[in-house]
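In what comes next, subunit A is part of two complexes: it sits with subunit B in the first one and with subunit C in the second one.
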Partner chain A sequence: MTLGVVLSAAKDLAVGRPHASGHNTARSFAALRMTLILLLLALLAAPAFAVEPDEVLADKALELRARAISAEIRCVVCQNQSIDDSNAEIARDMRRAIRDRLTKGDSDAAVVAFLRARYGDYVLLRPPFDPRTWLLWLGGPLLLLLAARLLYRGAKRRAAQVKAPPVDLSAAERRRLDALLRDDEAGRR
Partner chain B sequence: MIPEVGHYALVLAMVLALAQGTLPLAGAAKGDPGLMELGRTAALAQAALTLLSFLALTWAYVVSDFSLLNVVANSHSSKPLLYKITGVWGNHEGSMLLWVLILALFGAAVAAFGANLPTTLRARVLAVQGLIGLGFHAFILFTSNPFDRLDPAPFDGNDLNPILQDPGLAFHPPLLYLGYVGLSVSFSFAVAALIEGRVDAAWARWVRPWTLAAWCFLTLGIALGSWWAYYELGWGGFWFWDPVENASLMPWLLATALLHSAIVTEKRDALKSWTVLLAILAFSLALLGTFLVRSGVLTSVHAFAQDPARGLYILGFIVLVAGGGLTLYAWRAPKLAGGGLFAPISREGGLIFNNLLLAVLTVVVFLGTLYPLLLDALGGDKVSVGPPFYAATFIPLSFPLLAAVVFGPLLAWKRGDILGASRQLAAVGAVAIAVGVLISFVAQRHVTLAAIGCGLSAWLILGAIYELARRIKLFEIPVGDSLRRLVGLPRASIGMTIAHASLGICTAGIIGVSVWQVETIALLKPGDTLRHAGFEVSMETPREIDGPNFVAERGRITFKRDGQVAAVLEPERRIFKTTRRQTTEAAIKTTLLADIYATLGESDGKGGWTVRLYHNPLAPWIWLGAAFCALGGFVSLTDRRLRVGAPLRARRPAAQPAE
Partner chain C sequence: MSNRWLFALPLLMALLLGGFFGYALLAGRSPDDIGSPLVGKTAPAIDLAPLHEGGKRLTAADWKGQVSVVNFFASWCAPCQVEHPLLVRMARDGLRVQGVNYKNKPEDAKPWLARLGDPYERIGVDADGKAGVEFGLSGVPETFVIDKSGVVRLHLRRPLTPDDAQRIRALVKELAK
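Our next item is the complex of A and B:
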């Protein structure tokens, strides 16, 4: 998809956004477009697929581990893709690095640590749990607990309300009720 | 000439939106029926003018009028007619025009079918719709005008992004927008109710069909987008937790919550202020979704519009709409006294549980989507939030919600009997647990997920069937009487059964693909055979194909099982002539139980081609489930009690004096 981004940016350029003005715009479009098309053709040599057959390890168990790790590592030049899904050159290099390390006997954790040391936390699609991300990880569960507590207290209060004996009428209310009852009877008669 | 008519109509529509957004409000405040009535006329006229404007742009696309910048940028004379038309909304400016068109049409629908609404409420609802419309009209005219001309006109256009030239993606945006924008009606009703200071059962009854319709379209829109990703992106995935996907999932989750809480407000006069809050938040999240996609703030697959001025405008607009709505809520909601009391274990309690978990799930997705942005903006740290995060948070939190779905309808209003319900569901529960245990022996990876998922799936489907059977007293009374009861059931109840069962179908599909997918990536030479998921797979030498605006290599891959041909797939790799961009066209053969899926890659120059083959058990169930889910909604929508004009028609026959 990186390719796609480059292309769409290039396309916008070639067309010119609304602010592009001047009488020679059309001619410069044509020149620009030609250059871009040449550039794009060069870019198209990139492989169309993510994992290519020549990367796949012969050892099935090792390959499965490599795939599982790649699915958790972000392709650093892509938009929100794991290196397992990306066809970018760097993703390919990272996949190769993972398989290299695994064949040399590294544990999964060691491979991830290696990638993290090289590219930073940014490559981890499962963000690390530390003070920066406490809110991210715990926000949902915390809200659940908080709301559950509120609901529980609300339910208790309502239960208490239902159980509490009805409050006696005040003197004023009593008079009003008597008056209403009198009217009612008068009306019926 | 025609584009100018469209442009002019759009400007007029904006002015009408301004009138619609202000005068009826004043009318409602002063009790002036003339000013209030003006809202209806303005809403209808605004919709007509916006439609005219949209048709003008469509015309420019159909005839390939390359004097329009927008057409040049996104179309080409050799493009098939279907994609010329869908190209209208395959770009930023055109899609915003579609947005505002749908908004205006919803406003017109309220004006046309809202005859039974109290006059002041209708005036205020239409005014809020008008104000939202004003915001979007101004956005289009001042930052994203699709009618900008280009002089001199180029000879041909630059063509539409090839991955958008696909039937799935052609109809994904309109459906999604019908959902997003439909929620604007719920929002307008909420704001109008806050202004009036009154929320009652009648209000909830008016809000429900609009929310339900929006929710159905949103469900279909999301499903179509996911289906498109599945067959077009070519690696067999169906949901990537991409910020733009999340942007549509969040309003869906809250709209689902709103659907359920509005039932409590209608039937029991409770949860009023919560329902109003959900209506405000659901539409705010729909706006947020529009912002995330349109501003390019999240650089992702979908963000093909990148211009900070637009982003800032939409952001300001969200602050105004959501902030305004929430401020009004904080001010007026305390006056909305809650109604009917109920015990924690009751139908109401079950629906609160549903709302609680849906809200928590929304927060999880919200944090996951926006946290990287916020952290980046605050501290300069960069973190990524991807599928593993959601697998660890969203998925487990959704389990109790899915488990509770079956209990809800069995609990009585006010005070339910959970023990009684459990006893009734004992058989269904036993089957579900048996399925889970059985699966835990069969599954080779993600064993826990597979067992819980499949168990839940059986629980949901059988639970829904059991609930229906109980309602129609199947096997308790003669079958004929049961069938008569079935026909007599309220449509809303049948819709609910379908939608709840569909969750089980969808869950099964998701688990099937996640747990039992088989992938083979190999270099295949014509004449060679490889083994994949129990098939012998062979390929003929790919042929060159000349399409309308692309050239392609088309492979012919044969899948045989025990010598019998099971499937012949013809995947393509297309190169579009104008943009020189490549797309993979996966070929899929589906039996209802599994998809056989193949994509074709590049030649290695030595007579071999890279192929990616997938066997995706139960994959069709994902979209089948989603389709059933929306179907359930549509069936409910036909319920007499929910039909917008129903109370009116019931009253009409009695002669009424002129108003």
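Our next item is the complex of A and C:
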């Protein structure tokens, strides 16, 4: 659908005639038109995939499972890319290993376990939930809860202050206030 | 009551964060150290065709009964060339060194070995890197020490240094008892 829209837009531009008569204007219009067409064509460029055609399995369901697993496995030489995104040789080998094992009938969990046994927890883009990672997983929510509690207590205290009846001035304070107001009035005159 | 120590909260947070950063910087942890989970586990079952005509296949069965140093190498890998003399010396001193020729054309590997010396008791050819994945390889060179019962005892994800070679010799001696 996107393709159709872009193509028709490009065609409109291509057949659009320059309305100006001057030779130079016509030429610059042509250049502009070319630029626009090229820009629109650039929109057509699909994102490059690391998975190469010769890796793809014939069985669609298996291929989908392989893609899903690869997206969760971290490339061992590129720090923060999944092997599904990485063009590294070793990532390609690992993708192939995943497909080999799936074809042999391994479950998804078994495939992940295979890689984890060889490359460690490092390859899991989503760290496992165990005692070493409790702080990592729970730290954020805990901090949020703590902040919510502080905010709640602050709000409650302020509400209590607002609700408390205003304390009236004592007789001495009222006399002082009256005196000040009188001075003020006198000064202004 | 809590107001008083809320005052110190920014300082506490800064100390906490500073502590984390300091730990990460000073504890000598490298973010690309992916560890060696195979250590302590039975070495993966591989069965590789020999590099040399008439040579023996490299199989997991070879590791039973004798301590082996298994080195993944390739002629296109410059660090392999740097560590190679250490392996040659180990073999000369009677250690059992085996090679896996990783993603390398035999016609490239053979002259390379002829030039630098061939320390390997046998060499398996891993043309497509499958044995590499089996061993959790992230690149070449990498070296494993496998004990008499076929269990991986050491895995070095780097070109060997003289210190590493010393460590391997000591470990092999220990495991051979």
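FYI, the second predicted complex is superposed on the first by the 121 of 189 C-alpha atoms of A that agree within 3 Å, B and C clash if a C-alpha of one lies under 4 Å from a C-alpha of the other, contacts with A are read in each partner's own complex, and residues count from 1 in each chain.
To be clear about the criterion, contacts are C-beta pairs under 8 Å (C-beta built on N, C-alpha and C of every residue); 3 or more make two chains touch, one makes a residue touch a chain.
Computed from a prediction, not measured in an experiment: that's the story for all the values here.
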Contacts of A:L143 with subunit B and subunit C, given as first, second, both or neither: first
Partner chain(s) touched by A:M94 [first = subunit B, second = subunit C, both, neither]: second
Contacts of A:A160 with subunit B and subunit C, given as first, second, both or neither: neither
Subunit B versus subunit C as contact partner of A:A109, first or second or both or neither: neither
Partner chain(s) touched by A:E52 [first = subunit B, second = subunit C, both, neither]: first
First, second, both or neither for A:A171, with subunit B first and subunit C second: neither
Touching partner for A:A61 - first (subunit B), second (subunit C), both, neither: neither
Which superposed partner A:Q79 touches (first subunit B, second subunit C, both, neither): both
Which superposed partner A:G120 touches (first subunit B, second subunit C, both, neither): both
Footprint overlap on subunit A, comparing subunit B with subunit C: 79, 120-123
Complex interface listing, subunit C residues touching subunit A: 2, 31-32, 34-38, 41, 44, 103, 128-130, 132-139
Residues on subunit B engaged by subunit A in the complex (per definition of touch): 69, 72-73, 145, 148, 152, 154, 158, 161, 163, 234-235, 237, 240, 242-243, 298-301, 303-304, 306-307, 341, 343-344, 352, 356-357, 359-361, 363-364, 367-368, 371, 375, 379, 381-389, 392-393, 397, 521-523, 573, 575, 579-582, 584, 599, 601-602, 610, 612
Residues of subunit A touching subunit B in the complex: 1, 3-5, 7-9, 11-12, 14-18, 26, 29, 37, 40-41, 44, 47-54, 56, 71-72, 74, 79-82, 85, 120-128, 132-133, 135-137, 139-141, 143-144, 147-148, 151, 155, 158-159, 161-162
Subunit A - residues contacting subunit C, complex: 76-77, 79, 89-90, 93-94, 96-97, 100, 116-123, 150, 153
